[in-house]
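The chains carry the letters A, B and C, assigned in the order they are written, with residues numbered from 1 in each.
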Amino acid sequence: MELWELGAWDIAHKVRAKEVSAQEVLESHLARISEIEPGLCAFLEVLEAEARIAASRVDAKIAGGEDPGILAGVPCAIKDNMNIKGTACTCGSKMLDGYISPYTATAIKRMSREGAVVTGKTNLDEFAMGSSTESSAYMVTRNPWDPDRVPGGSSGGSAAAVAAGLSTVALGSDTGGSIRQPASFTGIVGLKPTYGRVSRYGLVAFASSLDQIGPFGRDVRDVALLLEAISGLDTADSTSVERPVVPWSKRLERPLKGLRAGVPKELLGLSVDDGVRDAFYRALSHLADMGAVIEETSLPALRYALDAYYVIAPAEASSNLSRFDGVRYGLSTRGKALDDMYHATRAQGFGPEVRRRIMLGTFALSAGYYDAYYLRAAKTRTLIRRDFDEAFKVYDVLLSPATPTVAFRAGEESGDPMTKYLADAMTVSANLAGIPALSVPCGFARPSDAGLTGRDLPCGLQIMGKPFDEETVLAIGYAVEASVREEMEEKSGRMRRNLLLSKECERVD
Amino acid sequence: MTERAYDMTIGLEVHVELLTGSKMFCRCSTRFGDPPNTNVCPVCTGLPGALPVPNHEAVKLGLRAALGLGARINLRSGFDRKNYFYPDLPKGYQITQYRTPLAEDGFIEISEPPKRIRIQRIHLEEDTGKSIHAGDDITTAEYTLLDFNRCGVPLIEIVSEPDMSSPEEARQYLERLQRVLRFAGVSDVKMEEGSMRVDCNISVKPRGTAVSGKPVEIKNLSSFRAVVRALSYEFQRQARLLEEGKTVVRETRHWDEAKESTYPLRTKGSSQDYRYLPEPDLPDLVLEESFVEEVKRDMPRLPAEIVAYYTEKLGLPEYDAEVLTLDPNLSRFFDDCVERGADPKTAANWIMGDIMGYMNRQGLTYEKIPLSTENLVEMLGLLKSGVISGKIAKDVLVKVIETGKTPSEIVKEEGLTQVSDEGELLSIIQEVISANPGPVQDVKNGKEKAIGFLVGQVMKATRGRANPAKVNIMLKEKILS
Amino acid sequence: MKIDMKHIADLAKLRLSPGELESMERDLEMVLAHIERLAGIDLEGVEPTFGSREPAGVRLQQDDPKPGLSRACLLELAPSARDGHYVVPARESEGGR
């Protein structure tokens, strides 16, 4: 077995036990990257030199008898909307072409302190707005299961890198499903923590009241381990909460007897592909076999979640993205007067999807429409939250498919932007309610557009939990994982070993 | 022009910079006058990913202002974003308090005519950076230089109700407001340095009519004088328009100090739409009752309270008490003198007379009173014990101020000690008597007034050093016995 | 509903060509057609939710100045700088806040 095939848990233990050095682990990954990356396009930048320094530091610590941290020597890729001092942070946008960040995000500082080795910055939908990573201004990331398909988004680069074995774990950000959906599309595990659990300081804001940084890994334990490293109060983020960091990675095995899980019928009522639905029900029956009580339930307000989300997120985004004005950093197209500069810079710097959301959000906040759109959406959010509060009085967790479909084909354009937005239908409510939600692979499904020769693609199950109850969410995820472990390991191991992406992807520099 | 047939309604929006060490939402220094762009960080320059954290002291000072203005504190308020594009506003929005301000319903009393001006709201916000327009003025500049040192400095905005009906009332309101904020230690409130900025809203309507005029906003006012001038100008301009049967356009106008007139700043069709949004990066500002109590307890004394103390406890006339509370430094100076044993009325006279006179001549502000209370009290002691005369004391005071030496040092060095020695005085008195036979005869004839002239002659001969009371007695003795 | 696209684009400082405005309008109308469902929800007496419930009140930080970033470091990022300042084109005379 190659070092790049190991999980974070194993790497950290082997490195700490001096069975292998952080540098050896890193070199194995760098070699894997140089082999696979040209055809995968997961990384906007590979931070080779910086990674080598970080790995040698971990080794030096171990040699010096110091504690190297719980992620000792674990390679980690970072979605390129998080700041790392001295490196580029593009957010997948032309707007930030050439921008070099002068400071580091709290989550990355914490992870590095625990011995993680940052290997590079990964591709994303521009400013994290999208579900396919196609709206990146730089390149289109491929899904390692099928290069003609998208890895999901917006954290598609991070998901693809972990799924393809280019990185052991990765960080993404999730505003409406941007961790869970790509995790589902690439057959890995992704967690959106409770809002406030992980500091947002240094994460370029999309929608501040919904954004949350979270971990990707190839198994639940790795995700739990990375969560331990990045969680905790940060006084630099006023929305960060003071809650104990739990050793989640050691609390995964839990009897499911007596556990109550609800399945919101509003989510299953959405147009879910048959294959995905089948895989979901198979997972449910596994959980029932293990003693969990699973019932259909109703959270009526979830029917409006997508509508509320597509008002609130663009509204906040329109304000958050106002700082990209060509004055202090990034792209600046100068005209003869100030207004020319603003208009030209923003029209050139933002791609179509970002513009669309800025326009939508500006409209929803504008005089005469605030009450009808933004305020109504904010009130609807209260109803959604109430429904979750009520449901969690009865159930420990709520379950749904993570996505209505498996990975779709790249380049699919429908006339109606709302069709694309439907990809977030399962996931947005967790962001609106601020609750933790995990996507864990629960099997494979045949894409509806695959035809006869198409291969099965992974699909994920979503576990939503009570605020700050990541412990239960991860434990259920661990049980789901166990139920499909053999099939998953066999298929994804084979996928990675046989991965041969012939075509180089197009990159814009 | 029939100005008298029109009434004006004035409301003021005052922005005041708070006296904190660091900025509203980051830890950069608020120091004034540092080289451009040296007190800056990811937060106050709006770098992507940076987040705000409010300043404890700013909240405290905001509360003090609110308490000083008799306002009702909102124990739960919140922050909002005011969205607009301007190069000195790095995030593209200003963090302010829109839905619920820190405090509401305060007031300021003015005296002429006695009137209560209501304050609608007091809220916290952040200042913008500074734009320096390269060129003659805003309209001809080719480019703008930006300095973000001031960006993010904590402000309170104090919005009055439209309760003022003359430029003079506006001036009084501002003076009183300034005085309260200074005494409360909230701000140094200097219009010249921009730590106090005033926007005026004025509307004009024919007297006796119920229709309210359209408010015009005036900006760029850098002194109280400018406020008064601009309001007077605007009143006349609007009254003239109405007189001519024209309508007043609702707009923002800029005061041109040099031309003493206002001109419209914004005529573009698209009106402002700030698209206010609850600040998602900040939870509500929730104040503990105990925090408010603590601020109340630590509240410095305010002018009204001090005036009452001076008149009731120290027996000063109302006028003196008002003058001494023009400024906190001045009243602290006075308090210190009294504490060091000076007679309150004497100290008040000297401060209001010679000291303030000197400061006025020299153009000094109250920020730095040019002598120490020790020295003033020492001089008052020398005067009281008869070591120096009142006239000499006036000179000594100036010398103390100018040299920094103590009064005793100056008296000693310059030999200014009052002459009370009878032998020395006697010989001078003899000379004066022989030189002025006429007035001496008048004294003998019972003309009391003539004695004054003779005392004056003795004082002149001693260059003011003689003890006038003693000279008076000795002269009478000499002439009448 | 008719959206004043020109006005919204102006507020957002996005100069779009007539063609872009047109397709943008189509997109927004399609999205708004879905979102229109919000109008049908009974929200009588419901308080809005703008953010999370925790922390219940914002934490305040000490008023204690700390050095931030160096000017050189920041101005290096600037599209245009002069004499320690950022530089932007002047606004047109009829522009303004």
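Note that in this section a contact is a pair of C-beta atoms (placed from the backbone, for glycine too) under 8 Å apart; a residue touches a chain by one contact, two chains touch by 3 or more.
What you are looking at is a predicted structure, and each value in this text was computed from that prediction instead of being measured.
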- Task: Give the label of the chain whose average Cα location is farthest from that of chain C.
- Result: B
- Any chance you could check whether A-C or A-B wins on number of contacting C-beta pairs? A-C
- Item | Rounded Å distance between chain B and chain C, as computed from the means of their C-alpha atoms | 39
- Could you give the separation in Å between the centres of chain A and chain C, each centre being the mean of its C-alpha atoms? 24
- Query: In whole angstrom, what separates the CA-based centres of chain A and chain B?
  - Reply: 57
- Task: Among the residues of chain C, pick out those that touch two or more other chains and give their numbers.
- Result: 7, 11, 13, 50-52, 55, 58-59, 61, 69, 74, 86, 88-91, 95
- Contacts with 2+ other chains: residues of chain B: 42, 45, 53-54, 85, 87, 144, 146, 273, 275, 280, 282-283
- Multi-chain contact sites of chain A, meaning residues that touch two or more partners: 99, 102-103, 208-209, 235, 238-239, 318, 325, 327-329, 338, 342, 362, 366
- Query: Taking the complex as given, what residues does chain B use to touch chain A?
  - Reply: 42, 45-54, 81, 83, 85, 87, 90-93, 144, 146, 273, 275-277, 280-283
- Query: In the complex formed with chain B, which residues of chain A make contact?
  - Reply: 81-83, 89, 91, 96, 99, 101-103, 105, 200-205, 207-209, 235-239, 315-316, 318-319, 321-325, 327-329, 338, 342, 362, 365-367, 370, 374
- Which of the residues in chain C come into contact with chain A in the complex? 3, 5, 7-9, 11-16, 24, 27-28, 30-31, 33-35, 37-39, 41, 43, 46-55, 58-59, 61, 69, 73-74, 77-80, 86, 88-92, 95
- Query: Which positions of chain B touch chain C when the two form their complex?
  - Reply: 20-22, 26-31, 35-42, 44-45, 53-59, 76, 79, 84-87, 132-135, 138-148, 265-268, 270, 272-273, 275, 278, 280, 282-287
- Note on the structure: Per the touch rule, the chain C residues reaching chain B in their complex are 7, 10-11, 13, 50-52, 55-66, 68-69, 71, 74-75, 82-91, 93-97
